[in-house]
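Both complexes below contain chain A, partnered by chain B and then by chain C.
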Partner chain A sequence: MSILVLAIFIPFLAAAIIPFLYKYLKNIHVGWFAILVPTGLFIYLASLIPAISNGEVIVQTMNWIPSYGINITAYLDGLSLTLALLISGVGALVILYSIYYLSSKEPIGTFYTYLMLFMGAMLGVVMSDNMLVLYVFWELTSISSFLLIAFWYQRKRSREGAKKSLIITVSGGISMLVGFIMVGSMSNTWSIREVIANVATISDHALYTPAMLLVLLGAFTKSAQFPFHIWLPDAMEAPTPVSAYLHSATMVKAGIYLVARFTPVFGGEAVWFWAVTGVGIFTLFWGSFNAVRQTDLKALLAYSTISQLGMIMSMFGMGSAALYLGYSTESVVYTGATFAALFHLVNHSTFKGALFMVVGVVDHSVGTRDIRRLGGLITLMPVTFTIATIGSMSMAGLPPFNGFLSKEMFFVSTLEITEAGFFGLGAWGIAIPVIAWAASVFTFVYATVFVVKTFLGPYKEEKLEHPAHEPNPGMLISPIILGMLVIAFFFIPNVVGENLIAPAMNGIFPTFAAEGAELGMHIHAWHGFKPELFMTIGVVLFGVLLFVTKKYWSGLYNLFPEKWSINTFYGFVLDQMEDKSTVITNKYMTRYLRDYMVYIFAFFILAIGGIFIFTEAYYFTLPENAPVSNFEWLVILSMMIAGITILFAKSRLTAIVLNSILGFGISILFVLFRAPDLALTQTIIEAVTTVLFLVAYYFLPELDKEDTTKKTKSVNLFISIGVGVVFTVVALGVQGNKAFGTISTFFENSYELAGGKNMVNAILGDFRAFDTMMEVVVLLIAGIGVYTMIRVKTKKESDQIEDK
Partner chain B sequence: MKINNVILRTVAKLVFFIILTLAVYLFFAGHNSPGGGFSGGLVLASALVLLFIVFDIETIQKGLPIDFKLVAAFGAFLSVGTGFGALVFGENFLTQAFDYFNIPFFGEIELTTVTIFEGGVALVVVGVVVTILLSISEDE
Partner chain C sequence: METLVTILAGVLVTVATYLLLSKSLIRVIIGTAILTHAAHLVIMAVAGLKTGTVPIVGEGDPVDPLPQALILTSIVIGFAVTAVSLVLAYRTYQEIGTDKLDKLRGNPDE
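Entry: the complex of A and B
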């Protein structure tokens, strides 16, 4: 197994070990063990930077299902490495933070298990080359996110938020899977690299656009793009370290990663351009517009994340325009948007991670996140205030912070794209910079709200749960590190740009890189007196104006009443689905076992009998079959008599005994047909089931005379005769038809192949061991099912534990 | 109602060990003649069932304090585990290995990983049958 593949699985391994560490090492906070994993991974990945920045690509494969071309291929290029470094780096900081955030009284063992599960899944997403493997990891991130949002599952809102995020992201994931399957069937490979290499052969295919839209649906749901953004604010019920990690720095970037990864496949198409840019730019506006009205700090940051994700998304859309033109000196200009997108992706993780941690610190310290109750914390929490200011200024796009650089580059890209004459940009292109600018004004407003309402103004201790104080210094380490990175990236942006983003660009524009294009950019803080600088100055001026006059225009939000919101629509659809399906289900689920038997047997008769009639497979010739000997007749006759007598049995005991005659009769037939294994198993099973029947019937009332209508009786008669006929026809038809050649000669070599002379057991334990293994597991599940149904009864108090 | 079943109890004590021997025999015989993990496990389970019927459940559980749910779970773990064991040696999932060894006193015998796999099957069968039986019979 190669190291890179191992790196994906180390977090999963840690997830398996952590519960035991938590159980047996009570004295040490289990987070100290968990933090070793991301730290180690970060160091390992960082050691690969020189190789990657030289343009190398690391590919390592471990076979999983080679017969279907599904292998775990770890593929590391600049794009994957950037994301992987974010996952492990932010992961380490978040775990460090959570050690001080979560008290040991909480079930932290499960917390770190889920977190490790997520980390492994996320690494799998960004490093998988195989689309189906990517999908598996993708859904795993949704599931671990679900578990983490519902970490405080006693709260109703946590459970609902978790459910909402799961429903939305998994539906998107499934549509993405369909898209992947379409891409796979068009290009005959599951490998993304091979798809990209042969992209010319699939772009005219009829499934090309549907596949593109389905993949985009997966990306949009995951990255909380409008109108699927509604799950992200509700996901804020998770513990703050989780929000900082999953719902701002990493998981929500998975959709953006997907868009970046598939840009060489779908980019250059008008549909792709408008879908990605349009949805992104609208999300940017909608998120920032709604962030201003929030009163909960975490909700404000959630909408801010939605908005920033939209901004990154739109930049990837604009960058894809370069692929439409093909490689030329003019077209390279548009790749600047993609470069800016990648740079902002990194920047956003640093400042938003810091801001989330600040909110956690405030919440932890004073017990509330409501800006109507907060204020004046600047003197009491000066360090926290400093980090919050750094993060907010960066978010608002002001110097000297990294957000300024990427925001300027974003403005440059929006202006450049208006000059492109294709995709109908001549008419509509001007809307892009206008919306982007308006959204940036709102971004400035909510960033100001974040700092001013929390830290400035009067201090209202009577409204707080606890008096304000700086937290444990350990809780401040991670936000301080992130805050310093925010400043560091402003002064040395090209370290990131040259080592990580430039190689990532080569992966997104492979055709350009092959032509020798210089895709890396030199990032400048000072562009000169260009439009983008005036745009930033305008943002600040209008932002301050809007902030000051906020109470005059906030009536604007009432134009969108609650009952017209997407959230209401989501709730309505969900309720309707539940109601309607309950009505339909109650129609046929009558709670009578008898009715269910009727469904099963009726289906059997229709499906199997129907197939036999449809395919005319009921051909059989009796004379060709072996003659029935007298002894066999004897056994069959006694079984027939026993079977008919059951109907007239007066007590359950008689019925059971008669029923077991049928079973033992079959085992005698097995002996006669020289199948000792079957006979042996059948005999023992019959003995054990008879005992089980006896035990179960002990709890049933005495057998009464049947009191059913004539109609029910005739239905029963029809079904029993039907099942008997179908079974007989199947048995005879199997003998009469030889559709395929026999494979029994293969099994005859069981001694050479499996070392056993008993062919039956060689098949069970070796040739078809997979079936046996699954049967064993099914048996176990059935056993646990019986046990839980009978023994584990819901206690009355359980209702009160939930719904707190 | 108290039934005097001395004869049944005495016979059962003796028969239990005969059935147990048969179970072990069937388990190992399965490689080359009729038997195997499934039937061996079932015979073992029926031996236990016999004990539960003849004596009462409390007595047996006192003398045999085994959680049969765990037995079943361990069996499934063993069966699935042998599948993954093959992966460690770079083989496909569930590939079984066998070879012949000369062991003093016993002569040449065959050792195979199928035995471990079938052992898991047997444990699941025993565990599940006893679990189902006990949970149904103890229901109030």
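Entry: the complex of A and C
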């Protein structure tokens, strides 16, 4: 196994070990062990940066199911490395933070197990080259996210939030799988690299557009794009480190990663452009618009995350326009949007991670996140305030923070795309910068709300659970590091741009890279007095204006009442599905054995009989018959009569005597059929069975007259005759149409092969000895079952307790 | 002979099916036992009947030994099934006080 593949599996290994560490090392917070994993991975991945920035890619394969072409191929290019560094880097910081956030009294063993599970799965997503392997890891991130959201499973809201996120992301995941299978069947490979290399051969295929839309559905659900964004606010029930890690920095970026990864496959199509850009830009607006109305700090950040994800998404959409044009000096301009998207992806993880951690600190300190109760914390928590300000201003797109750079680049991209004359952009293109600008104004407003309502204004201690104080310094380390990165990226953005993003661009635009295009950009803070600068100034002016006049226009939100939201619709659909399926299920699940038997037999008659009629298999010749002697006639006829008479037996004794007649009749037939072993066994077993029945009768009630209605009886009779007829016809048909000769001649050598002259014995004791052994095991199990059911009595008292 | 035995098996299947559809647990159990008999007969018939001597080396041209081995296994398993179902019926009657399947519908709240 190669090191890169191993890197994916180390977190899984850690997930297996942590429960034991937690159990046996009580004195040390298990987080200190967990933190070693992402730190080690980060250092290892960082050591690969020089190679990747030189344009190399690392591919290592471990065979998994080679016969189906499914192998775990770890593929590391600039895009994968950027995300892998985020996963391990933010992961380490989040674990450090969580060590102080979660007390040892909580079940932190499971917490870190889930977190490691997630980390491994997420690394698997960004490093897998095989689509099916990617899908497996993708769903694993959904599952670990589910487990982490429901970490405080005692709370109803946690469970509901977890369920919602799972339903939405897994549904999207399954549609993505279908899309992958379509792509795989079009291109005859599961490898994304090979699909990209042969993209020209599939772009005219009928499944091309359906596959694109299905893959996008997976990406949109995962990255909480409108209208699937509703799971993200509810996912905020998770512990804050989880929100910071999964639901802002990494997992929700998986959808964006997918869009970036598949841009070379699907990009350049109008459908892709409008789906990604349109959904992204609307999500950007809707998220920021709704963030302003939130009163819970985490909910505010959740909507903010939705909005920022939409922004990144839309930039990837705009960047894909370059692929439509093909490589030229004009088209390279549009790749700037993709560059900005990748840069903002990194920036967002830094400032949003810091902000989530700040909310966690505030919550931990004063016991509430409600902005109506908070205020005036600036003097009591100055460090926290500073980080919050840095993060918020970066989020609002102000200098000197990294968010300013990517926001400006975003504005530039939106303006450039309006000048493109294709995809119907001439008519509709102008909407893109307008919506983007309006959304940015709201972003400014909620960023201001975040800082002002929490840290400024009057301090209301009577409304807080605890008096405000700075937390344990350890809890501040991670947000401080992230805050410093926010500033550092402003001053040295090109370190990131040249080493990570430029190589990532080569992966997204492989055709451009092949033509020798220079896809990297040099990021400048100062462009001169260009439109984008005026847009930012406008954002600030209007933002301040809207913030000051918020109470006059907040009535606008009443136009979007809770009653008509997508969230309510989701709940309604879920409830209805549950109710309706309960009604339908109760209709046929009658809990009465007879009804279930009727379903089975009716299906048997229809399916088997139907196939017989459909394929005209009933034209068969009767088998060559052995002659029937008078004695045989007598035996068989008396068996038939005995069998039919059982149906009319009034007492159970009659029934069992008639059953014995059948059994012993079969013994006689076995003798006639040259089967001495069978005859012996059947005689013994029949005798024991009869005794068993008689013993059981001692404890069981006498047969009652069946008080079933005439109608039920005739249905039963009809079904019985139907089953009997189909059975007989099939059995006769099989005998009349023997396709193959017998294999039994093999066993005629039983003396040479198995040392036994009795062939039946040789088969049972030698040729199929395993089978016989298992049969004995079945008998043993049956014996144990009989014994326990007779001997072991349930205590009546315990029954009553269970009933309560 | 084969046709006759197959028809006998068909009659037994009809009887067994009817018994399986009844309310009384004992009838259902007898039904399963009869179904086993029918299966054995049909396996025998499919292989051909009375085509040779007993399947013992040195006795001449034997009949097909394979179905016999299969049936031997099945007889024993069938016995185990009957035993377990009888004990199940016994415990059910003891615990719940009825052997009528239409009354054994469990707790409606479940």
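Definition applied: the second predicted complex is superposed on the first by the 594 of 804 C-alpha atoms of A that agree within 3 Å, B and C clash if a C-alpha of one lies under 4 Å from a C-alpha of the other, contacts with A are read in each partner's own complex, and residues count from 1 in each chain.
Rule of thumb we're sticking to: a contact is a pair of C-beta atoms (placed from the backbone, for glycine too) under 8 Å apart; a residue touches a chain by one contact, two chains touch by 3 or more.
The structure displayed is predicted, hence computed values, not measured ones.
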| item | value |
| --- | --- |
| Partner chain in contact with A:19 - chain B first, chain C second, else both or neither | neither |
| Partner chain in contact with A:687 - chain B first, chain C second, else both or neither | first |
| Contacts of A:696 with chain B and chain C, given as first, second, both or neither | both |
| Which of chain B and chain C A:531 touches, first, second, both or neither | neither |
| Partner chain in contact with A:755 - chain B first, chain C second, else both or neither | first |
| Touching partner for A:791 - first (chain B), second (chain C), both, neither | first |
| First, second, both or neither for A:779, with chain B first and chain C second | both |
| Which superposed partner A:674 touches (first chain B, second chain C, both, neither) | second |
| Which of chain B and chain C A:770 touches, first, second, both or neither | first |
| Of chain C and chain B, partner touching more chain A residues | C |
| Touching both chain B and chain C, residues of chain A | 676-677, 681, 685, 688, 692, 696, 699, 757-758, 760, 764, 772, 779, 782-783, 786, 790 |
| In the complex, chain A residues that touch chain C | 590-594, 597-598, 601, 622-628, 632, 636, 639-640, 643-644, 646-647, 652, 655-656, 659, 662-663, 666, 669-670, 672-678, 681-682, 685, 688-689, 692-693, 696, 699-701, 703-704, 706-708, 716-717, 719-721, 723-725, 727-728, 731-732, 734-735, 742-744, 747-748, 750-751, 757-760, 763-764, 768, 771-772, 775, 778-779, 782-783, 785-786, 789-790, 794 |
| Partner chain B, residues of chain A touching it in the complex | 676-677, 680-681, 684-685, 687-688, 691-692, 695-696, 698-699, 754-758, 760-761, 764-766, 769-770, 772-773, 776-777, 779-780, 782-784, 786-787, 790-791 |
| Chain A partner contacts - residues on chain C that touch it in the complex | 1-15, 17-28, 30, 33-34, 37-38, 40-42, 44-58, 62-66, 68-69, 71-73, 75-84, 86-91, 93-95, 99-102, 104-106 |
| Touching residues (chain side chain B, partner chain A) in the complex | 26, 30-39, 42-43, 45-46, 49, 53, 69, 72-73, 75-76, 79-80, 83, 93-94, 96, 98-99, 110, 112, 114, 117-118, 120-121, 124-125, 127-129, 131-133, 135-139 |
